[in-house]
């Protein structure tokens, strides 16, 4: 038997396979398909200060080995989350981590402070890919100083494990990683979606109502792996890697590149049980290659 | 009959379909397969000041709907190009455009000045994705001031059509586009490859000798389209779009997003004759949709 | 009402080509099928199609609980459906089902089913279901042309079928709303169930509304997951943005914003 | 020497499974085949395989100019070859060929062909070609185990075949270099042609060099285009980085940097 458990900033995960925010709902929709208690963790979908309707339809376009979405953080706000959702899911036997989003530093702080009070939530993941409404719509995650600022502000009110999720749409991912570590991040998730676009030539219109949207799926895996590897060399906090993971092999690639855990995103849409298959696939790989603990794989890429 | 010809900075292309640098050699290898004179143009592979051996093997990794390469500008240098290659290809009945690369401003200028003397070459394409050896390896194409500087320096010695090819690995592609227009670019090509990585889990090693490499193919098309559209709104020089084009539909998407012409890259490896199929596919589309001139399609995306 | 959703490898029992653009797939499950209702759909995984990344949603056309078979009526649109059209007997398809809500239980009185093109798919199951509930519906099906008219005998088992074609090569000529059943004096239905292209559903819903008839439609939408987690498939309703794959695909047209506010 | 390269839709004439991991494809052209030589290869497009983006290179195993057929011997490695292994008669494959250089024209005197596993593919065509040039080669073929030993009769038509298996279940036991032909006193060949896994080719090349025998190998490599434009497939030679798909795949081992400098 191999040891799949892994420590991330003092939090023990039973295995390194978690599900990505926005692709797993609150986990409830998966109960028909699987025992969610077998997952390393669930990153529940983005929670903002107030209710958000999200963007108009159409919100999705299929692309080669991927998809674009422009859901736009649709959710009923933090109060609804705490009152309605949390009681329904708090007994799932896995780490529940809330993806915290906002358009101002104040909104991030408000949501983080409210989530801090929920006993069964051991960590949050700050989603800093959102445009900062006060600073002309430039995303928090694209300017290092802004990234440090929002992380530090949340750090003040949030006492548990603070993860920050980075956007890949930047010239230097390592600058952003260092910026959030400076702000007090305990761990870094990467990557969020690449900004992309799809066009319908028959209608001569963008497919998405928002014109551009976020690209996810296997198409982005090479970029995601590269960023995990670059950040792994640049900072000393644990990393959670994602982007196009479809199977155990993809997952092991992220671990080797330096991720301590992974998130499965778009793949959940194609096979809702894929995470469990990945967990057993990692175990197979470790047995075949004589690894005892999954932590031996983390950053074990041989580059000489 | 539709009119497929298009003007780019005063240069008339017989149609908007050209082939991308590094994916079409010097055109000679395609003579068995097709009449290259039917192409709008050929962007020949990168030419540098001196001979370059390129990177060690392995230089290629297949990825979902794409591939990574780390060829590394292998070529025999500008003198060899002018003496040996140019005489062999100068009578191809299509626009031959040389992709000019370097590691210092001086190298770009030297190569551009030499190519300026070749009568049958009506334009060059500056490839500013290369790392600047004098400035710590940061690519010319990622820092606007550096991009302006190298463009302006080449502008001084190069009298014909000056195109600059941008790297997508930046936070703001429009800043870079404006920078090269400031430097005197007549047209902008976008995009070059996305920086990515592939890992072999059996050997626990990177697949590429250089660890990271350039991602091309359909996987990057959504990102490329988004950048063409953003730049089309931001600057007023003609654009040449590329990234993942496999067929006429993809091409029309780029034209609608704002490109005046396209380059076909990785697709040449899969079907060496694909460019000719694309040309006739555009004609079909125009006939079906009652367009007379291909220029009517450029930027014709309806976004209200 | 919660329907247990399952992921199953189903075996292709038959793949019958109806015409150039349509085919019927019968899939068989090894174990008993879960309960499903008309209007629900399935998400089919299309392997071997390089241009089909996500699953493809298809309405349940019919179910046979005795033989453990489930039937789909599919129109060839792009790579995914083209690929499915070539699948052979004994091959395996991975399917998630049943998904979404269903047409609401029938009221007493006359009801009309209106289907256009491939939108007829859920109506066969619905007609049978109404029949089991002692309702003999009127069924109006529209096709482009005679060559595409199909399965009329199947519908005829459960109701009075009328056909209309765009080009008049069979039945009446015109769009479904041109059909005599929509003449004012005959519009004495308690309910209209409609499925087809959005423009058609809007036209039918408009007539129904004008005559004060309850109308339910089955919406199409681009779906990534099909089971409620991606929020890609929303439609604006009186309750805000609702998911077509969970709160739909069947909506009472009074709840949609089709008629302005 | 320039070989006219063509892109053709070829029809699958037969797909014969040799064992768990190997199969032989016969493809037929509608028009006369271009001239090709042993050592050259083809790039096959694998459709219907979502994980196969680029073409796949395979050596020409044999050619029949009268019947316009070309044969490939293929080992199942990943998705692309697995997909090809299921292709049926009459299906179409798009193929670019002939690509690359060829084994050099034979010298007089004894020659040895050494193939390991799937590396035997180009050697059948080569053996036939040598035969046509009045050379009767010794042919040593290595396999993992008896079950994988195949096509021995085909080789036997053109030379003296000897078999060695890793597990000794047929012929000698061990790696090809363990075979008695490599015993010093018997190594009186003028030339050795070798194709197989790189480690095997290096071992054979080392022995050949030690005994002063000319040795040609056919290199594998990851290829994007296969016809010389991408520069992905280079190998270091005495002339710098050369393209395996154009200047190769066959190289005289003296030109490679296998033995240090």
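Of note:
Going in written order, the chains are labelled A, B, C and D, and every chain counts its residues from 1.
One rule holds for everything that comes next: a contact is a pair of C-beta atoms (placed from the backbone, for glycine too) under 8 Å apart; a residue touches a chain by one contact, two chains touch by 3 or more.
All figures in this text were calculated on a predicted structure; none of them were measured in a lab.
With centres taken as mean Cα positions, chain B sits 34 Å from chain A. Chain C and chain D have Cα centroids lying 54 Å from one another.
Chain B and chain C have Cα centroids lying 47 Å from one another. Chain B and chain D have CA centres that are 36 Å apart. Touching two or more other chains at once are residues 50, 52-53 of chain D. Residue positions of chain A touching 2 or more other chains: 61, 63-66, 217.
Interchain contacts close the chains into one ring where each touches exactly two others, per the touch definition above. Those chain pairs judged to touch are A-B, A-C, B-D, C-D. Contact residues on chain D toward chain C in their complex (touch as defined above): 47-50, 52-53, 83. Across the complex, chain C is touched by residues 22-25, 29-30, 32-33, 45, 53-54, 56-67, 69, 71, 74, 217, 266, 268-273 of chain A. Chain C contributes residues 4-7, 45, 51-55, 96, 221-236, 240-241 to its touches with chain A in the complex. By the touch rule above, chain B contacts chain A in their complex via residues 61, 63-66, 68, 142, 169-171, 194-199, 201, 203-206, 211-212, 215, 217-223, 225-226, 229, 244, 249, 252-253, 256-257, 285, 300-303.
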